[in-house]
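In the two complexes below, subunit A is the common chain; its partner is subunit B in one and subunit C in the other.
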Partner chain A sequence: MTPFDYSRASDVADALRMGAGVQAKFLGGGTNLVDLMRETIERPAALVDITGLPAEITERDDGGLVIGAAVRNTALAEHRTVRTRYPVLSRAILAGASAQIRNMATVGGNLLQRTRCSYFYDDAGSRCNKRQPGQGCDAIDGFNRNHAILGASEACVATHPSDMCVALAALDAVVHLEGRGGARTLPLVELHRLPGDRPDLETALQPGELITAIELPAQPIAARSTYRKVRDRSSYAFALVSVAAALELDGDTVKDVRVALGGVAHKPWRALEAEQALRGGKVSEAAFRAAAEAELAHAVPLSCNTFKIELAKRTITAVLGELAGAAR
Partner chain B sequence: MSIAEEAKLAVRGAIQGVMEKAIELAPDSWMPGGKPDSLIATKHGSIGASVPRIDSPLKVQGKAPFAAEFELPGMVYAALMFSTVAKGRIATLDTAQAEAAPGVVLVMTHRNAPRMESMPVFLSAEKAGGGDNLPIMQDDRIHWNGQPIAVVLAETQEQADYAVALIRASYEQDAATTSFATAKRKGTEPGLFMGQPLKTEKGSADAAFKASAAKVEATYTTPRHNHNAIEPHAATVAWDGDRLIVHDASQAVAHTAWSLGKIFGISEQQVHVTSPFVGGGFGGKCLWQHQVLGAAAAKLAGRPVRIALSREGVYRLIGGRTLTEQRLAIGADQDGRFNAIIHSGTVATTRQNGMPEPFILPTMSSYGSPNIKLDVEVVYLDMLANTFMRAPGESVGTFALESAIDELAVSLGIDPVELRILNQPSEDPLKGTPFSSRHITEAWRAGAEKFGWSKRSAPGTVRDGEWQIGIGCATATYPYHRMPGGAARITLTRDGYARVEIAAHEMGMGTATAHTQVVADRLGLSRDQVTFAYGDSLMPGVVLAGGSQQTASIGASVIAAHHVLIKELLKLAGNDSPLAGLGTDEVGTLNGGLAKLDDPSRHESYVSILTRSGRDHVAVEGSASAPLETMHWSMHSFGALFCEIGVNSVTGETRVRRFLGSYDCGRILNPKTAASQFRGGIIMGLGLALMEETQFDDRNGRVMNPSLAEYHVPVHLDVPPIDVIWTDIPDPRAPMGARGIGEIGITGVGAAVANAVFNATGKRVRDLPLTLDKLM
Partner chain C sequence: MTADRSAAAIAAIRINGVDCPVPADPRMSLLDLLRETLHLHGTKKGCNQGACGACTVLVDGERIVSCLSLAVQHAGRSVTTIEGLADQHGLHPLQQAFIEHDGFQCGYCTPGQICSAVGMAAELKRGVPSHVTQDLASDHVAFSPDEVRERMSGNLCRCGAHNGIIDAISETYAEAAE
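Our next item is the complex of A and B:
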């Protein structure tokens, strides 16, 4: 680990001032950043600890929720309103990492955690365009079982590893940001970028910009939502494929639906095509399957992950079937 | 206490003793016609009691010192830099920045490392313990991707880690062979194990197979596995003049001391290796380059060194299990009786150690067949030397053998349990020697009954919601070993306490506890009167904690020392003793003393003997007899494994629902620690079955998942209720009647799970691990 300065921010202004340096980074729970520093993949000159910033979950009058960026993953997953009105979010968080890591991890840090691609992690021995633009990618012809099937590029096939973000993508979450240029908001699905030819640019954040909160709009549909994560062991493994979904029925007709996928792309993947195919249609397993087919029509497999396409289709179909079953 | 009082006590002991029988001396060797160890018959002693581990209080208090916890004055911390190419030369190695970094005491590379010999590679001599025989930082050559090329010593671990990251290296690469497939295309060579080819044939298996009425033939593959003991490898090293002190995490202290002596050109007496506690060994905690580099750097810096590998360091530096590609063919008659078994295939190994994973081992002893053909071929790769890992050979060999038997059972419509029982041999299938003790059929019957095997349904017919449910079975097997070189010292003190010293190892399996029990029974003492000391190369014995042989080796060593002790005690007892005139064959141990075998009233306590003879202690040493028992008898442990699994019909995920192991391993010395050994082995087997796989990048020989986040071992949720039962039938040819239980647990589990998956889904997976993509 490269030596660094450490300071602790007491409010947002403080954090922005301290984080203004080019080589400064915000420190949440450190469960990802510190690991990457140990691997010398991240070498910030200064860390600004933002875990002292307001860590509150506020219910708005319209029924929405505002979640402070420093809220710990455990606290969010256990929050009563989240569990009852946005179960998909609670389940997604609890499907991730371990209890110890969730106790440390913050909402802001979870959003910005970096890929688990093993070539990205191997600073000493492998090529990676994300670490060093233009260097080449050793994952494309290497171990890419966990890698992307949607939206990848020739430069990068890595996936975004977060479970929580998949739920947030399904819930139309909005990210609140503050930077030197002032405050702004961004739909969560626009926070993360697809890799294109600059996989090193992972988000739409400006340098020094701070995530202050996540906003969950009031979403009656979210009360009937769930998360399913498919992985190589029962717990403590990243998703091969995950599905966050919410479903609202009107008799036998899909009134409204949300679907997002994890483990398949460089960003949490909102499955708009599947949603489109389903909305207003009749509920049936065939319809769910057809929607999944539509979403994955553009999927491109890599040498070790062809199975993910079928797995994603089946998991979408099963999750929607489960939600429809519960609705009836 | 006065002599009179002691005499009174002794007499009281003798009176109590009238009711009991003295335990006679154990035989010093096991030969045809000879007697078994008298301890196998004891019913009310310490042996067989569920004694909690004596090291647990220390461990839960953090008071058990592990290798990386020894504090030495002036100690510095080491960090390693690893090569990133598989073969070639170091072209440039710029250490200037690292040398200038804060706290750095030394940067050692091939340019300044002291001259030393290569490690004597394991099994090349009696006490050779090295993982490879390459020059260690003696030149600029690279032999594998991950080889250490620099050691940094600094005042703190953090400073050392930082400085290592400042070293810049470039390489001139040579063409390396890192792909198994490519190497195989160029041709295989016969696998040699300790100089002997892993090849044997009885009858003419190919012809018999062809002529058989029923046949199965398939290829099974298993991937590389890495060692992942909870304690990463570490050593704290210091020089005292030309004496070398190594606090190691070791399952081979005597081997390590001797080998380090050879490497540094000093005698083995000048090397002191201690290893009081080891956080798991599994075959990986022998001598690897880190202890050598630590000692070399300590010498160069003139300061003690702690070298503790990171988890990545373990993956780069410590060999694991190599991959196997096995062909298994069984020919049988219509009733299922085997005519031919052919087990052959190819594994990858390296020139620097040559350890062909001997996957044919289980096939040498498990079933009878008039025709058997076994052959392990190898290809040599430029990679880290592979090594022993829990049940080398049996762990992965049983996957092929026991899967193929299941396939045969299915094709013949015979219950797989019955097919296995039907093909039990009446003598060793290859050597023709008689079995010392073989009760696998009892184990099968008891296991099947307890598990509810008779409720098994046809493949693909049981469902629980999305889950397809199946049950499967397989045989577990591991041989009895006892290696030469065992020896022990017993010191008996006038207060009636005994201390046994032997250069053996406690890696968490309960060795110290079980042998405290054994020694107590053997000497007629209570457990709190016995101290079992181990883990120090200055103690007697060359006792590898490997091959599941440590229990037998310690047992035989203590027996040998006990013989000497009794002789010595009778001498001291002299003519004024109730034992006067008796020879060693006529006495046994009873109630803290010796007694005449057929007249326990002739008894004198140790306290009395030592007190009367004016001695405060008597110390003796004995060397274990040569392990001839395995020449006369075929000695193997077995287990009948059953498991129930669910395969998710949507996702292909496999989850194990329950598991039962029914073992025949001779006498169980301590049911509590034994159950943990079996369970731990089974859990490791579940990892092998479902998820463990080292991602070795064929393109450059680099391990791509050197971390417990990406290399999956089972988590708690993956571990179902595991039931363990055993026959507890003593083996009359083994010390204490116990055959050793360290490794058998992992064997057979891969096949039991795969066979259950077949029963659940009708799909046969012949390639481990059983990941979901293979079952979708």
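Our next item is the complex of A and C:
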């Protein structure tokens, strides 16, 4: 680990001032950043500890929630309102990492965690455009079973590892930011970028900008929602494919629906084509399958992950079927 | 939950009831502080990347992996390691149960397993749901071997003593949970 200065911020203004240096990074639970620093993939000159910032979950009058960026993953998953009104979010968080890591990890840090692509981690022996722009990508022709099938580029086929973000994408979450230019908000689905020819640029954050909170709009549809994660072992593993979904029926008709996918792209993947195919249509397994086909029509497999396309289709179909069954 | 964050407390980390100075080098992990500086060798370094759970300790009663945690972040907090679980009357009940149920072979993962299970019991008591909890809306989580297996998935045992570990935890905490 290369040397760095450590400071602890007591409020947002404090954090922005301390984090203004070019090579400063904000530190949450450290579960990803400390690991990357030990591997010398991250080499910040300064760490600004923001775990002392407000860690509150506030219910708004309209039924929405505002979640402080320093809230720990466990605290969000166990929150009564989240469990009852946004169960997909509790389920997604509880499907990720281990209990110890969920106790440490912050919500803001979860959004900014980096890919677990093994070539990205292999600083000593592999080429990676994310680590070193222009170097090349050893994953494209390598062992890419865990890699992307949607939205990838010739420069990068890495996936975003978060489960929580997949639920947030389905829930139309909004990210609250503060920086030198003031405060702004950004839809969660616009926070993360597709790789294009600059996979090293992972988010829409400006230099020194801080995530202060995540806002969940009131979403009656979210009361009937769930998360399913398919992985190589039943606990403590990253997703091969995951699906966050919510479904609202009017008799046999789909009144409204939300679908997002994890494990398939460089960002949490909101499945708008599947949603459009379903909205206003009749409920049936065939309709769910057709919607999944529509979403995966643009999928491009790599040498080791063709299975992910069919797996994603089946998982979408199964999760929507589960939600429809619960609705009847 | 509310730790004493006064200026005097922030200068130190309380470890098993004793105040220890915060290391001058912020790169030092909590795990290395325990083992290298304080010579508390009960907490083990397995993978040093958060995958195995051998370094699990309790901070203000919550289980964390000490390898991914910078020691300096714990100024003003209270850390309990395996050395701090027993009292003057003898072993912690869970330590005794691990012996009775053969909850280990080589013993390398054991301190992490036991600290993790103590933290897990507090989470269960608080009603924290898990990946296998059916009813998220309920305040009460029913104790079951499946719940324990899921909740202990962050602690690996390469000797394969998991069944004994689950039995030891179940005997110690199942009754309290009912």
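Going forward, the second predicted complex is superposed on the first by the 328 of 328 C-alpha atoms of A that agree within 3 Å, B and C clash if a C-alpha of one lies under 4 Å from a C-alpha of the other, contacts with A are read in each partner's own complex, and residues count from 1 in each chain.
Heads up, the rule we're going with is that a residue touches a chain if its C-beta (ideal position, glycine included) is under 8 Å from a C-beta of that chain, and two chains touch if they have at least 3 such contacts.
Everything numeric in this text was worked out from a predicted model, so none of it was measured.
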- prompt: For A:Leu194, is the partner it touches subunit B (first), subunit C (second), both, or none of the two (neither)?
  reply: neither
Query: Is A:Gly30 contacted by the first partner subunit B, the second partner subunit C, both or neither?
result: second
- prompt: Touch check for A:Phe143: first (subunit B), second (subunit C), both, or neither?
  reply: first
Task: Check the residue A:Leu47 against both partner chains and state whether it touches subunit B (first), subunit C (second), both, or neither.
output: second
Task: Please work out whether A:Ala124 is in contact with subunit B alone, subunit C alone, both, or neither, and reply first, second, both or neither.
output: first
Task: Examine A:Arg314 and indicate which partner it touches, taking first as subunit B and second as subunit C; both and neither are also allowed.
output: first
- prompt: Touching A:Leu249, do we find subunit B (first), subunit C (second), both, or neither?
  reply: neither
- request: Would you sort A:Pro3 into first (subunit B), second (subunit C), both or neither based on which partner it touches?
  value: both
- request: Have a look at where A:Ser235 lands relative to subunit B and subunit C in the superposition and call it first, second, both or neither.
  value: both
Message: Please report the subunit A residues shared by its interface with subunit B and its interface with subunit C.
response: 1, 3, 38, 234-236
Task: Could you pull out which subunit A residues touch subunit B in their complex?
output: 1-3, 38, 40, 116, 118-119, 121-122, 124-126, 138, 141-143, 230-237, 240, 307, 310-311, 314-315, 317-318
- line: Given the complex, residues on subunit A that touch subunit C span 1, 3-6, 27, 29-31, 34-35, 38, 47, 49, 51, 74, 77-78, 83-84, 87, 90-91, 94-95, 97-101, 103-104, 234-236
Task: Under the touch definition given earlier, write down the residues of subunit C that touch subunit A in their complex.
output: 26-27, 29, 48-50, 53, 56, 62-65, 68-70, 72-73, 116, 119-120, 123, 126-131, 133, 136-137, 149-151, 153-155
- line: The subunit B residues in contact with subunit A across the complex are 82, 84, 145, 158, 161-162, 165, 466, 650-653, 655, 690-691, 695, 697, 699-700, 702, 704-705, 707, 709-710, 712, 714-718, 771-773, 776
